[in-house]
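Chain nomenclature is as follows: A, B, C, D and E, assigned in order of appearance, with residue numbering initiated at 1 for each chain independently.
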Amino acid sequence: ETLRFAVGPFQPTPGDTRKAYEPFFAYLAKTLGVDYELVVTTDWAGIATALATGQADVAWMGPWGYVLANREGDAQAIATVKYDGKPTYHAIVVGRPDLQIANWPEDARGLSISFADVGSTSGWLIPTWWFKTKGIDPRTFFKYRDGASHPANEIAVANGQVDLATDYDRNLKAMQERGLLKPDQVRVIWTSEPLPNDPLVVRKGFDPSRVEALRKAVVAIDEEEAKAVMPPHYTGWVPAAHADYKLIEDAGVAVGKLKPRAPE
Amino acid sequence: MSGGVVVRGLSKAYDGRAALRNASLTAPRGSFVALLGPSGAGKTTLLRCLARLADPDGGEAFVDGRPMHALSGRALKEARARIGFVFQDFNLVRRRSALENALGGVLASTPLWRVALGRPRPDDARSAMAALDRVGLGDRADARADELSGGQRQRVAIARALVQDTAVLLADEPVASLDPDSAAGVLSLLKDLTRERGLTVLCSLHQHHLARAYADEIVVLAAPEGDL
Amino acid sequence: MPSDLRRALGRLLAAMIAVAVLALMWQVAEVDLARLWQGLPRLAAWGARAWPPDFEDGVTLLRRAGETLAMATLGTLLGALVAAPLCLLAARTTAPGVLVYAPARALLNVLRGVDSFVFALLFVAAVGLGPFAGLLGIAMHSAGSIAKLWSETIEQAAPGPVEAATLTGASRLKIALHALLPDVAPGLASTALYILEFNVRASTVLGVVGAGGLGQELKNAVDLLDSPRVFAIILIILVMVTAIDAFSAFARRRLA
Amino acid sequence: MPSDLRRALGRLLAAMIAVAVLALMWQVAEVDLARLWQGLPRLAAWGARAWPPDFEDGVTLLRRAGETLAMATLGTLLGALVAAPLCLLAARTTAPGVLVYAPARALLNVLRGVDSFVFALLFVAAVGLGPFAGLLGIAMHSAGSIAKLWSETIEQAAPGPVEAATLTGASRLKIALHALLPDVAPGLASTALYILEFNVRASTVLGVVGAGGLGQELKNAVDLLDSPRVFAIILIILVMVTAIDAFSAFARRRLA
Amino acid sequence: MSGGVVVRGLSKAYDGRAALRNASLTAPRGSFVALLGPSGAGKTTLLRCLARLADPDGGEAFVDGRPMHALSGRALKEARARIGFVFQDFNLVRRRSALENALGGVLASTPLWRVALGRPRPDDARSAMAALDRVGLGDRADARADELSGGQRQRVAIARALVQDTAVLLADEPVASLDPDSAAGVLSLLKDLTRERGLTVLCSLHQHHLARAYADEIVVLAAPEGDL
């Protein structure tokens, strides 16, 4: 009896991600009394495919990756992670500290910007969506590129390779705490409305009693326990369902990457 | 038309330039016929048409009773297997030994795995060695084809055709690169085979005295144009 | 004469079209040689930041290198096994006819046209995440590359020995083994080992299925502008590339 | 006999080591054939979701394809220009001596060992983000690949005509042009066009320098799990691959 | 030792197996010397050692006064340029025309750009055409080497050596693939050149009567071992 876990690119390298996230999955498996295997991938596509075809059971995903996996393979969110006690976070745009931008985003026209890869919630979906609501197509408004990872985006701004880049607040904080970025190297220029944190996701057709056991096990993790088994700042989980990610789904529909759901 | 080689009005042009024009000849079963003619007369072309390595433009070519000009597919493959051929430029597999090249003559009957592993049937190996011995190359059996002298290569090509043991042998200047003794040895060997086994030999030659000495009949091919 | 003139005009036209297309591409690619010239000192300065290489995480890198090598070797081997029969069908000189040749070449184009990470994702559906899916992806894609290069090597082989073998009435496969293989073996070894080397260097495929790999480490290090680490990884790749190149030279000499 | 025995023992040992290494790799790669077999129906079902291909955004895709083609063509061309002299120095049969041969091969290994996106990033320091940097990266890396494959084709050329030309006392370059080139031209065309095709298919390099390219669109579509779009992009790549393959066949026939 | 060819005690072994043992001969400047010997005797090996296409194991080989066995680098290159060579297997560039192959003889003096663009100097083209005419191939000048018959190829190889216009000509069975008339034509042409221009010809031959008819001297090479 083995549970197959998967986790995506949360840290700069898959090795870092494994180091940071494996204790949590080990704890989970122990609590449920099962063996486990853990796969760390570099994007969501592999995980979503595995969930949809019954090749992975449980995954810790980004919100947008989850919504895609839900659409394409009927994966279901069962809990949302808490970061510093809150189940929400923010997408941000950071810029070089010396940029003079009084009127955002108008003053940034023509600057270079680096988006993260299109599977990223905060690095691609949310900023693309927000610009769209302002009537802006970032591909023409900026000198645009995409496909970089979040840490790469921060580093690129800090080194002056690009003027602006997308990221999310948790990553910026984590990088600053680990000394990868000095506090004055980048400046936050824009912050999104609160977004739901990463969900824990189970595959289609996963035994419902198992789902309940899983949900109970993660919700039961208190702050003390979290310090021991989860990456820094993660403080536990709250129960969740697909409806909690409607905001993300709507953004995906708005930017044209998802078809509107047929009314049921 | 049983056995032997019959050619009637065979023609072949390359890019509109005649290489062989209206050639006819008959080599009855068990005979040794020599094909003479100046360089460029079409001797090689004629022999290639007989084995359907080239497609004649017109005329008929029968080998061992089969209409080579009209065959295709499976029938052509079978008919070809009954023709031994000594190429003017030998066409040896240069990275294989003399023995392996000679064994090429029995490729059709050798099981695939033996070909793949380079393990010939002991009988075949013996007959290939015997053929090399007959052309005086017994001591060079293990030498790679590209380590052999010109005349040695030509003799390997002859050995390969002997090993194939066919009813008809088409030989394109098989002694051009050989010294007089070797040449005499090879031609009398072929001559003997026409007597002993009823082999039909059609053999292009340059040296008239060899043709006169060994051939039952001599056919002279004139160049289709004023080519020297 | 008029046909000569026509040919000359045709050549002129072809040359003009070629020049025009290249000029257009030049535009699209925003070629700017002056800028390159001026920028070279900056390039050197930037490149110098990679010194000294950072082997702090060397053990991890070596493990990744081992994984990469394992997957690339098996993937290439599997690809070569698939390619062996395919290349005979896809070479003009050995194909039984255009009715086989054309579909065989189309199949090879498909195998190459689909990237190995796309194949790998498909195989995730069958075998789950992990190196096995990556290996299968590599194998499919490599089969297309190997068979294409092999078929074109075969087309260049000396026709004489094959002709001689054909006259024995043997099967195509036996002819290929006896008369063709020795002639083309060094070329086949050369390209198969080139594809192996390519797979060792390939970056994307293994990360997608969670199989790690050195290419992924390189991509990460580059993304993070960690030049000393990039340098270290490149040195490890270089060692592998040099080893494969040396093995290739050895194999070619043995087969020559 | 004892030397025969020694050789047989040596072969046995080599075979055993090879088997052991393969078995180890088999382990590392987690090969599981039963699982593959059982998973095939799932694979088919999953793959079927890509039907029908989605060409809604066709114009963008075609523009990307054009950009990719432009950059790949110029990059490959530039790489081939660099490769032309290098390959003569890096082929055992044409190198002036091992003192040239060894460094030339090492240089080729470096050019191939450094991925084109790493070169591209270096060139970003010189010429800034954009397709030009990508083109230069492609050119550097391609030069290494083309020169390696070319040098190995040259090593397989018939030695006789070169020997004959050598006896005239002509320079190496003239000998190569007169006696070598006609013999190897189809092989050179074949590999250069293979590298062009590879560059058209390559995905990472152009995205890194912000130059778009079809490979980036493919990666994005895969990340978005948009299978019909993936299918559409693959079809476009297939058209390009098929065109290059056809051109390659044409060139080889012309040069044969 | 001025001019001509001098060989003293030349030996060469391949993998420990002698191909040429202690051969000596002299071909004074302007003489025509024929080299006879059975297939495998070492005729090709001797000629290749003279042009330093093979490295002799021992002995001396002087061509036109230069010690070929001792030269290397630039000096070897210059010495080689003074040797015309007709290869036993022709060594034509098969995808070039007869004319282009013949022009290979003046490769050294042709400017690089002309080689690259395939635009020979008009003088060279004329002399190459003349050489092809002399061997009876004027009408096949534009044919590719791989479209020529065996004898035609051999004549292109001869034409190439004539175009090179050297002091010494080493010819390895240059008439093996030719009919008697062509062979006589080629040999008397060479003979004439020895008279007219002081060309030194060292030429291996199989046919004794040709050697007797044309050579000033005949050297017989015995096989180094009991090879037939």
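As a working rule, contacts are C-beta pairs under 8 Å (C-beta built on N, C-alpha and C of every residue); 3 or more make two chains touch, one makes a residue touch a chain.
Not measured: the values here are computed from a predicted model.
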Any chain touching chain D and chain E at once appears in the list none
Most remote chain, CA-based centroid, reference being chain E:
A
When B-C and A-D are ranked by contacting C-beta pairs, first place goes to B-C
Whole-Å distance, C-alpha centre of chain B to that of chain E, is 29
Interchain centroid distance [CA atoms averaged], chain B/chain C, Å:
43
Centre-to-centre distance between chain D and chain A (centres being mean Cα positions), rounded to whole Å
36
Residues of chain B touching at least two other chains:
89
Listed in rising order, chain A residues that touch 2 or more other chains are 43, 45, 49, 52-53, 55, 161
What are the residue numbers in chain D that touch two or more other chains?
39, 42, 45-46, 208, 219, 222, 256
Judged by the touch rule stated earlier, which pairs of chains are there in contact?
A-C, A-D, B-C, B-E, C-D, D-E
Using the touch definition from the top, list the residues of chain D that touch chain E in their complex.
158, 160-161, 163-171, 173-175, 177-179, 182-183, 185, 255-256
Residues on chain D engaged by chain A in the complex (per definition of touch):
39, 42, 45-46, 49, 124, 129, 207-210, 216, 219-220, 222-227
Which residues of chain E touch chain B in the complex?
14, 36-40, 43-44, 88-89, 136-137, 139-140, 147, 149-152, 155, 172-173, 176-183, 185, 206-208, 225-228
Contact residues on chain D for chain C in the complex?
22, 24-26, 28-32, 35-36, 38-40, 42-43, 45-47, 66-67, 69-71, 73-74, 77, 92, 105-106, 108-110, 112-115, 117-118, 121-123, 125-128, 130-132, 134-136, 145, 148-149, 152-153, 155-156, 186-187, 190-191, 194, 197, 201, 203-204, 208, 215, 218-219, 222, 230, 234, 237-238, 241-242, 245, 248-249, 252, 256
Residue ranges of chain B touching chain C (in the complex, touch as defined):
51, 53, 77-78, 80-85, 87, 89-96, 104-108, 110, 112, 115-116, 160, 164
